Every structure is written in structure tokens, then in C-alpha cells.
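What follows is one structure encoded as C-alpha cells, with my remarks underneath.
Going by the order they are written in, the chains are A, B, C and D; count residues from 1 in each one.
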Amino acid sequence: MAWCEYQTTAYIVEKLSPLSFKLFLGKDVSDSDARMGLPTQEEDQWHVDRARKNGVPHELLEKMKGNHTGLVAQLDTGKPGKHMAFRFDIDALPIHETQEVEHAPVKNQFASRHNGQMHACGHDGHTSIGLGVAHLLHDLKDELTGTYTLIFQPAEEGVRGAKSIVQKGWLDHADLFLAGHIMHQPEGTIVPGISSSLATSKYNVVFSGVSSHAGASPETGQNALFAAATAATQLYGIARHSGGATRINVGKLIAGNGRNIIADTAYMEIETRGETNELNEYVSSKAEKILKAAADMHDVQVSTELVGKGISAQSDDIWNEIVQSSVSDSTYVTHVSPAFEKIGGSEDATYMMERVQAKGGLATYLLYGSTLSAAHHNPAFDYGEGVLAIAVDSLIHIVLNQQI
Amino acid sequence: MAWCEYQTTAYIVEKLSPLSFKLFLGKDVSDSDARMGLPTQEEDQWHVDRARKNGVPHELLEKMKGNHTGLVAQLDTGKPGKHMAFRFDIDALPIHETQEVEHAPVKNQFASRHNGQMHACGHDGHTSIGLGVAHLLHDLKDELTGTYTLIFQPAEEGVRGAKSIVQKGWLDHADLFLAGHIMHQPEGTIVPGISSSLATSKYNVVFSGVSSHAGASPETGQNALFAAATAATQLYGIARHSGGATRINVGKLIAGNGRNIIADTAYMEIETRGETNELNEYVSSKAEKILKAAADMHDVQVSTELVGKGISAQSDDIWNEIVQSSVSDSTYVTHVSPAFEKIGGSEDATYMMERVQAKGGLATYLLYGSTLSAAHHNPAFDYGEGVLAIAVDSLIHIVLNQQI
Amino acid sequence: MAWCEYQTTAYIVEKLSPLSFKLFLGKDVSDSDARMGLPTQEEDQWHVDRARKNGVPHELLEKMKGNHTGLVAQLDTGKPGKHMAFRFDIDALPIHETQEVEHAPVKNQFASRHNGQMHACGHDGHTSIGLGVAHLLHDLKDELTGTYTLIFQPAEEGVRGAKSIVQKGWLDHADLFLAGHIMHQPEGTIVPGISSSLATSKYNVVFSGVSSHAGASPETGQNALFAAATAATQLYGIARHSGGATRINVGKLIAGNGRNIIADTAYMEIETRGETNELNEYVSSKAEKILKAAADMHDVQVSTELVGKGISAQSDDIWNEIVQSSVSDSTYVTHVSPAFEKIGGSEDATYMMERVQAKGGLATYLLYGSTLSAAHHNPAFDYGEGVLAIAVDSLIHIVLNQQI
Amino acid sequence: MAWCEYQTTAYIVEKLSPLSFKLFLGKDVSDSDARMGLPTQEEDQWHVDRARKNGVPHELLEKMKGNHTGLVAQLDTGKPGKHMAFRFDIDALPIHETQEVEHAPVKNQFASRHNGQMHACGHDGHTSIGLGVAHLLHDLKDELTGTYTLIFQPAEEGVRGAKSIVQKGWLDHADLFLAGHIMHQPEGTIVPGISSSLATSKYNVVFSGVSSHAGASPETGQNALFAAATAATQLYGIARHSGGATRINVGKLIAGNGRNIIADTAYMEIETRGETNELNEYVSSKAEKILKAAADMHDVQVSTELVGKGISAQSDDIWNEIVQSSVSDSTYVTHVSPAFEKIGGSEDATYMMERVQAKGGLATYLLYGSTLSAAHHNPAFDYGEGVLAIAVDSLIHIVLNQQI
């Protein structure tokens, strides 16, 4: 769960400690205030307790206290050269993994150990790829020049985590940046240069009114459910934009306490998206206005919390070409595909790409092909492990290509 | 909880068994198919298990199996005379009783034993009054004429239970009928002749659509949340009626699975009310039309279940006058108030009143005054125990007044 | 048409000039700023021109200039006695009278002379009754004591005129007040003591946005039609009130310029009502909030003009009884009915009643029975002329009964 | 006005009669039943009368009777060769031309002669271009080979006319097709190969309910205004489509008769659009569902009339290239621009393009540059006359290039 990756972080620490990386943990990883969509204290405590029970050392838990999960591992070769940064996301999703016996992780007994928490987007694979890259960088360190920063990012789901790491300054000195994702493509395929993830904003919205008996005094209620229902119907009506694709969704709505009570509370989870940051800003500013007006209309209060935000970003053509030719050298890679034009989803590695580019560096985003058993975020999601070695080898080929 | 009053029924059985009443239990009490708003099997099992653990005998549980709670106790004096029927409702509410120390049941340690289930409408008092009346009828039985039917009704909350008892025929032979409720009035006050409870219908509504990714393919979703929000805003707009007061409420709305998913399901709890049955029918037929059309509008399915229904009923003037003069004779009663004109709430004893009257009998409804610590259905609700003796003595005075 | 009764006022002046009344015209009749729902200058000019063409003298038109129509006629007997005030409303409605030959005014050739303007609420009858009363007061003046004020009120339709006359002070010294209306009851019936007209507020609402091409740049529009449609659906959803009947209606909505243009303007005519002034205020304040929020929601401006307002008022019981017994003495009157409990409509004579009562006087409102050919405001509306004499005789009997 | 171009058609007949074209008029031009968005009989009669008064000969009016306006002019050279078809649209818009003196048509006294009817989209220019092309074809006819069909199309605005001409078969034998439009570009610029006009559907919608007095009997009304307002708010909420741009607009809404009457009628003008025909079908089928459900929701009837429809079409690349090189030869043409990617508007020449291509021919659409004084459909719209000669010369160069 976002910002509760205590055990996963501890696992990565355990694997990286024997290597030549300097590890940064806790408040060194992210800007506390720039983190979005933090869990409640109750949820947090539940995860801390579980981590402790499962053997995460006390001092490590202390360091991560208050949802400072994730880590940054840095290798400085001491020799002049490029500073390369990599992003690997590590968080799971609140999804119950299927129990069907034909589901490979069930058959082979590596399905989710924590009920209701599943790596349904392949971030366990991304973590493994990061660890693989770390091992190889460690092994090759005498031949390498420059600096290598491996960012193991928490809270990518809901686009909550990347911005806080950027704010901490981790991307300010990178010359070259790489992030990637496992995607439904034939195994052996690498797709560099993805540019088109949608900019997005995620909001949690709470309407607070006053309850009353619906039969005896309907007029004294201030109806939060009615306000939320009004907001929902109006949000979908935000005008389309001639500048490109936009999206709006009210994905969750929970309101009211009982049939015969005017509802004094309503909770909504919504998101906006746009092909560009401007398009997303267009939709999200309209959405904020609608939420406020729907509350005014029904005499209730509204509080709108931004719990996630992703921007759109462009991969750099010159860097894409280098990446394409580098990965072609890998014997694991059978096909290098040109970048897809449209991705319906969102990502927050884009914050890192934008910062690297703002500081004069180059950035790109790759897809690692794997035949998936089911779509991302589906309870039956699984990928073939073959992709892990292919991705590691691809990244190392890119690294080697950059030596002075 | 409605239809899960296993322990309460067992308690009443225990108290009445030593007396001269014939007890009717299980399927003898109610018409199975006319019961409304039954719990899920899971909820039921939980209550059965708890009742068993708390010592309710196996054969009694067997008799009540499948939510056949409540009981009817009948005393036949063997002497010609009036057949009098009484209704006492016995169910609790799914409310967490306040833990504040100044709340009398907390201070005096008789607060709810079952967490999240509270007698927040005083039906434990009604049950006690019923038991008190039973004891006195037993004691006085040699002096009495006619027949006495005491109905301990389950599932009054949500107006789910009375109709099924009526359908079983228990009111078909009553010459005189009495039901009552503890109400916020000075202790010692009795208010006979209430006529104006609102007719009401209670619905659970489920919209079923098709989910899709809100970013990648919004057009393939069939948005159940949008349909429900549309229905909610439209339901409140049902036209007022020149014939009298009407009510509509959407008290609860739960929809969707996640922020970035077009919602494939939505659940609503709604109710309609009217000063008369016709007015309630007006609102509820409009509501059904709106629910159907909101589903059509968004290409989703809707299922609407009637989980409770109450009708309006008139107390009989001639019987009210007898009741008024009878209770005036009680030394416990300090004030007999004329009937109030307006009650914002609903009740299903009205089904019993209607049946008694249809068969040529007379019916009325009384309020028993007590200074309440908080409104009905409030977590801090409590009444003064003084009302119990006053109510019992009032009813017995009415009984005595009817002897040949 | 409201505030354009130039010819009707001139006609009344002509009829009253020979009598012993002092006539007050123009700005002496009403407080200019308290008039509601004035016509546009263009509409006014059209009526002034028509009046001039039809022979209304120049100096009279000058006096009424700027919609100062209506008049007050006062007879001071010079002898001590009660001051009695009467209200007669004189305005027509913008309705095209039916051309059907079986419609009596068509058959007998006294149908509307001005196309699209019809006395479809019987105010021509009320005017005639006022003139009849004036003639009899004139004839009887030597026998009478006290003072008689006859108010010929413009702009009763839409409840726009009475308040401005009250503000001018005409009701401040009246001891007794009478107003009345022709109503569908058997001819010969008089119903004194009406109390239950609904309080009401009438608004014209204009939403102003920004147009844009719906295909090329939907995002730059600020959609006034969408704001108005939102307001309309929300207004109907204002919560019912446990204190009594309320009403809300959006009777007219005109928005937009063309199919492919985002609408930059929308116009609505709405009204609120309540059994009491408080209930009407409840609805109208909710309505104002909704209108404002609907505009905010769609980034448009809204201007809301109060174009009419009526209050609820109570007839005085003591005065009702006197009126009842007085009219019973008239040989024209065959039946005196007790007051009806509910009237769905509204009236602004209530402002006059309220002021008289506030100053210590007594007020009542009568209905004059007549078998109507069609409902009020219907193009086929007509009443039997018999009611005119009955009403005049009733009022004169009341006058005579009040002599010292 | 659409389908009322009686005078314009007569003018074209007058100009073409002396030439060597065979003229087709009346029912020979279009398939009567495939015409969309016909005027009311009253509107038609008004235009027929005006045309007669302005000297259009009786027999010509008889031929065009029943809105069979427009004409087809055909020149058969008698020599084998290509069959080329051209579309020129001739209709005006119901717009009041500005009276500002700086507006060139005002200054130079050629502004709209018919008040409220203006060539605000430049179709008078298109007509002139067609006549110019006709004269040159006539002059050059001895040098030409093949056949030339000039279609002077009525009712392009609102995309109502083209389909009926296609249905009549006029495009079934064309080898090459050209249509064009004056557009805001520097004079001398020609832009061949436009492909991206939006597919669109235009609807007039009428909701019919039952009126009632909003104060006295709100419950008996069947509120057409409420249904229309509901439909409007819901239409804007149709889900965006991942396949490309879509549009929806409610451009006009007129409902209700008076403030205090539940509205029994509402009229809406709406349109849908899509980047492809499939996208437009997606939106329009959703829209139809919403309209039906909004009516059901409020117990009113709805009738939805398709009054215009345009499809998207692709210009043929091979033909574009020929056109580009041909117009480059014209000394009038200073710049040939590549086709724009996005046009926010719609056009029904696309029906003709589609039919030509379906029968094996080639089609393209050109823009003729002119510095416009204001946007299309604006009351201050005007173009520079220079564009007329440039367009004619461009088309003739294309013709000459196609000779055997």
C-alpha cells in the first residue's frame, strides 16, 4: 500500500547492504510535505505492526517512521563520467489476488502473502530489475565511470510519490534518466521513448453537512449526499477541449448513514486527465469549481485534497536513439519497437523526467515486453519472469554504452 | 437487528412460559413471504451463532430458523367477551450506543451489551410493557372475560414486520386493538388516538453496469455511479402534491470500486412517505419510474427491492374516547393529551389497525410520555423507567373497562 | 398588462369624476420604487401610444407617465365614523381570448378588444364592482359616517402592485379593510374570511455567459444554457418543509442562439410559494442560493430580479363574523359559506391586510360566487354578470352595518 | 434559408440559361425524402411569396414547389474524357448582418437585402465561383473532353442538403470530384486535400407533457421543461471516447408558457460530432438514449427529428497531388498549403466525396484563402472579392490538366 512499503524497503536494504552502494533512507529520500495521498494513522500503524511482526528491525522502522518508505542507492565510481539515474517503483495495490488454480502464482505458490495486497501492476518485477541492475553495477564498478543513482520509489500507484523525491533534489544532477514498465508485448520486445502518458490529478473529496430526520424535519438537513450526487453528474459534463483528449471520472462515492436520515457526509474519489499538463489543468480547475459550487448549492462544506498528481512528459529523441541502438546490442532483446502514440494511463516518473530535462539532462521511458495473463490491476495479472533478465540486460547495455 | 431477534424472543418465551398464555412461535407468527427486508444469510448466521453461544436452546433456535422471530401470546378466559389485541415491538437498531459517562445506561451499567446494536427507539421498553401487561392479565385472569392476544412483533424498524403478522391472520378476529410508543412528553402523560403517522415505502436499489479504465477506455464503461447520482438528484425533484405532505429521501449511496475505474455498481437506500397511502403511492410510483429511467439513461441495469412498507391509519374516535376515559382512571396518569395533529415518522402497526377495522373492530394508537435524554435513533437516547409502570397501568385500566 | 393600465385607469377616472370622490392619480397612488415587475420601456411606449390613439387625454397620460397607473378614490363624509378601505384590482392578462363562437363574450361581442390581452381572471368584474360601490356610496353619502377609500390597484397579476400602494401609506389609517375575488361557486354564494392564499415570490433570472463554436472550441464557452438547466433541475429538489406546504416552479426557460453555439444567455421565470411567509422565505432563500451556485458552477453571471411578491395573511375572525352576518342581510345573497381551508393561488391584497392589522385595524377577504365557463387564466374564462350586483350589494350591506 | 433558395436558384438559372449547359431543376435535383431539416409550410410560403413579388417567374416557382431548390448544370462535350463534378453551395444564414458603417458591405451598399438573412459563410462567393467556372467551361467547350457536372447545392448549413442530391444519383458517374470553401488564409493561398471535417448529427427535439397550475396542483403536471433540463445536463455528460474527439451541444432550449404553469412543452436544438462517423454514431446513439430516458423520467413524450447529418470523409492523396500541382500553375495562386490537420466544423460535401469514392472515383476538398473581416457566421463576416477570381482560375487549371 502507498507509503506503507516498510517490508519491501527493508527487503531492498537487505539485498543492497552487501554491495558498494551508499543507501539513503527515511527523510533523506523524499520531501515530507510533497508526498501526496498519505494513509490514515490507523492504516499506517497496521502496516508498521505487521512489518515489526515479520522481522523488520526496530531501527530501520524508526528511520522510516511516518511513511518515509522507499530508498535511494548511489554508486560513485570516483571517476569522471555521466551521472545516470534510474527509477524503479516498488508499491503494491489493494487488490485480492485471484485464488484460481490455473493462475501461475497460485499453482507455483508465490501468490500474494498479504491478503488484499497484490503486485497487480508488476512493481515487484520492477524492484527485481532494480536489484539486478544494482548487482551488475556493483560487479562492473571498476570498469565504470561516473555516478549511478537507483531510486526505489514508493507510492507510484495513484501518482503520489515521485514528486516528493524530485523535490528532495535527487534528479537535479542527473545527466541521463531511465524509467520503465512491464507491458503486454511479446517477450524480448523493448519499446523506448514513451512520451504520451496522460497528465492527471487525483482528489479525495469530502462533503460535510448536517443530518436530520427525513420524515420529521427534512428542511433542517444540509444534504451532503445530494451535493455529491450533483457534483458527480456535473463533473462528467465538463466541456471537451479542442486542444486534445481529456478525462474525468468519479470512481467512488460513499454517502449517508441510513435510509431515513438526511446525509451529513459524502466522500468521493475523483480524477482528471489530459493529453498535456495544460489540458489536465483545464479539467481539474473546472472540477474544483464544480465541487465548490455543488457544496454552496446544498449549503454544505467541501474539502478537496489532492492525493496524487502526474504530469505529461516527452522523452528526448536523441537519448531515445542511443537507447534504441544500445538495447539492440543485447542478445536478450529480439525486437526494438518504435514508441506507441497513445497510452491511456498515467505515471509519475514524468516528474523526474521533467526535472532532469529542466536541469539540462536527457530522459526517456521504456516498456519491457511480456505476455501478461491478464490486464494490469486485474486480480489475475501475472507476467513471465523472462522479462526480468531482458530488462536488466537492456539497462546494463545502455550503461556500458555511456562509458567514457 | 430486524428478523434476528433470536435472543429477545427467547427471553420473552422464558418470561411468559410460567404464565397461562398459549405461545405461538416461528412460522406460526408471520407469513414467510410477506416479511420485508430480510437480512443476508451471512448476517443471519452471525446472529444465530451469537444466540446459541449466549444460551438460546437448540429447539427454540430450530423453531425460529430462517428469521422467524417474534411471538404471539394468547390468553383465552373461556368466558364470552371482547377479543383484545396488543402490539409490542421488540427490535433494536444498528446504532453504537454512546460511551459518554453521563449517559445513564453507561453510568448505571445497563447500556447495550451487543456492540453496534442499541435499543435507540425504546422497543426494550415496549417489550417490558408487554411483559408487564402479560403478568397482570395472568394474575387477573379469573376476573376477566374474552380473549387477549399479545403480539411481540419483530422488525418494526424499517416497517418490515407487521404486514406479515397481519397476513397470518392474527388480527382477523380482534374486536379492539391497541399499540403504543414511548414519546418525548412529560412523564405521566398519555396521548391516545394518534392517526397521523406517515405512509411509507422503503427500497434498496442496486444499479449494475460495466467497469472500464477511466483513462484508456471511458466509452466502454456503463457507469452505475453516474446512474445512481442522476437518480438521487432527480428523486428529490418529484413534484410536491397539493393533497398533503410527501417525503423522499436517499439516505445512503455507495458506488464504485476505485478512482480510475468507471463504476460498475451502485447501491442506494431510499424511502418515500406520504400523509396518506395515496400520497405515498404517488411518490413511490414516481420514484420507481425515475430509478428505471436513470438506469436506461446510463445503459445499466437496476433492481429495486421493497424492504419495508408502512401505511397511514386512522384511530377510531369512539374507541379513543373510551381509552381516554379509561386511562384517566389510572392514578399513574397525570395528564391525558388530545392527539397531535402531525407526526413526521412512520409505523407499521398501521397494518394491524387497518385489518382490525376492515373486519369490523376498533383500533387506536397511544403515546406514553417520558422525558427523553436525546431524540429517537440518537446514540444518546434514553427514557425514564417510570414510563413502564404508567403504560402498563394504563393498558390494564383499558382492559378492565372492557369487561362484561 | 401590469403597469400599463392607462386606458382602464382613464375609464375609471371618467366614471368617477362626476361623483363626490377625491381622486388621486399617478405618483400619488404608489411608491415608485416599491413597484415590482415593471415592463420594458418599449412595451410601455406601445401601450402609451395605444392609449393616446384611443383617446386618453394628454394631461392624464402625463400624470400616469412612467407606469404610474391605477387610482385611489376617497370619500370623506365629514362625519365621525369608521374609515373603510376597499381594494379592486383592474389589470388584464397577456392571454389570447378564445375565438370559439360558443364562448359567450364572442357570441355577444364583448370579447377582448386588444388582441393578446384578456380579462381572464375577472378583474374587469372587480373594476365594475368598485364602480358600483362608488356610485352607491355617492348616492348614500348623506346617510353615511366616516371615510371611504376605494383603491383601484394595477398589477395584481404577478403580485407586483399592492406593496407599492401600501408603502405610499394608503392603508395606514383604515379601520376596516375588504378585498375580494370572483370564484367558481354557485351564483349567490359569498365566502368571507379567506386566509390561506400562499405567500409567493416571483423572479426573472438571467444567466450571462460567453458563446463559442461548439465544434471548434467548446472549452472557451461559458455555457449559460447548461447553468440554467442545472438550476432548473436543482430548484425542484429543494427539500420539503415539515412546517407546511411549499411550492417551486420554473415556468419558462429560454436559452441559446443556435444549435452549434455554446449558449451565452439563458432566461428563466420562476416562482416560490409557501403556506406562510416563513415557508416562502425558506424556499426563496434556497432558490437564490441555487441560482448563484449554478452560475458559479458554469462560470457564468446570474442576475435575479424579484418581479413580484405576495405574502400570506389571516382574515380577522371578529370582522369575518360581522361580514357574514351583514351579507346575509342582502336579498341577492343566497348562501354564505364558511371559509375554505386551502387556496392554491396567491394574492397581494395580503400586503394591505397585513398593514391594516399592523396599524390596529381589521381585514378580511371575500369570494363572490359565479359559475365560470372555464378556469381562471384560461382563454375561455368567463363569468356570469349576475355576480356583479351580488357583490356590490354585499359590500354596501357591510358598509351600512358599520354606521354609527 | 435552407430549402427556400428560390430567388438564388432563379438567379443562377438566369445566368446559366444563355450557356451550353443542360439545366436540371426541382425534383430532378434531389431525392425528396432524403432532404433533411425542411422548413415549416408557413416559412416556406413566406419565401415563395417574396420570390414571386421579386419577379421569380411562375413556372419556375412551380417547378421548385415544395422546397425543391438548387440546380444541377451539365455540360457534355461529346468527346470521350473524364466526368468531373463540382459542388457549389448557395444558401444563406438566418443572421442579421451588422449595420456598422465600417463593415464593407454596408459602406459599399451590397449588404444583405433581406433583413435577417445573410451570406455569413460566404456561399454567395461559392455561387459566384460556380458561375465563373460555368462561363469559362462554356467558352472553352470546344477544347474540352468529357463531361462537367456543376451542382449548385441548397441547404448546406445544418448539413441538410447534400445527401438528397447523392441519393438522386448525381455523383454515381463522376470520375473526379471537387468542393471548396472560402477560409481565413492569406489571399492567394489554396489548401487542397482537407479530410478532417467532423461527422455530425443535428436534432430538433420536442418534449410534450401536461400543464397544470404550479400552486394548486403541481402533481398533475407532466413537466416538459424539467425533462428537457434533465436531458441537457445529462447530454453534456456523455463519456469521452478513447478513439478520438467527440462533441455534444445543446444550443437552444425553449420551454414553458408562464411562471406559474408546469410547462407542457419544451424544444431543444442539439448536435453531436465525432472525428469519424463511428465516433459521431457513438455520441448520437448515447444522446438518443438520454433523450428517451429523460422523457420517461418525467412522464412526458419526446419526438426527436434528425434535421441534418454530415459524415467525415478522406480526400484522395493521388488526386490531391494532381490538384496541388495544377493550381500551382495558376498565376493567381501565390501559395499552395499542405492540408490542415484539424477542422472543428462539419460539411456535407462529404456525402458526395464518399459516393464518388464508393463508385471508384477520386475526390478532394479545397480551401480558398481570403482575409476575413470576422469569423464565419458572425454578423460582421466579409471576405475580399479577390478570392473569387483566384478560385475560378484554380479550378479551371485543374480542369485543363485533366484533358486527354
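Everything below uses one rule, namely that a residue touches a chain if its C-beta (ideal position, glycine included) is under 8 Å from a C-beta of that chain, and two chains touch if they have at least 3 such contacts.
Computed from a predicted structure; not experimentally measured.
Q: Can you spot which of A-B, A-D or A-C is a repeat of the B-D interface, where more than half the contact pairs line up?
A: A-C
Q: Count the C-beta contact pairs for C-D and for B-C, then tell me which is higher.
A: The comparison resolves to C-D.
Q: Please work out the Cα centroid separation of chain A and chain C, and write it as a whole number of Å.
A: The mean C-alpha positions of chain A and chain C differ by 66 Å.
Q: Go ahead and note the Å separation of the Cα centroids belonging to chain B and chain C.
A: Their C-alpha centroids are separated by 49 Å.
Q: Please report how many Å separate the Cα centroid of chain C from that of chain D, as a whole number.
A: It comes to 50 Å between the two C-alpha centres.
Q: Enumerate the residues of chain C that touch no fewer than two other chains.
A: Where chain C meets two or more other chains at a single residue, that happens at 216-218, 226, 230, 233-234, 236-237, 239-240, 242, 247, 262, 344.
Q: Any idea which chain A residues touch chain D in the complex?
A: The contact residues of chain A facing chain D are 233-234, 236-237, 239-240, 242, 245-248, 342, 344.
Q: Any idea which chain A residues touch chain B in the complex?
A: My answer: residues 158, 198, 200, 202, 213-218, 225-226, 228-230, 232-233, 236, 247, 249-263, 266, 269-271, 273, 344-346.
Q: List the residues on chain C that touch chain A in their complex, please.
A: Answer in residue numbers: 216-219, 221, 223, 226, 230, 234, 237, 239-243, 262, 282, 289-290, 292-294, 296-297, 299.
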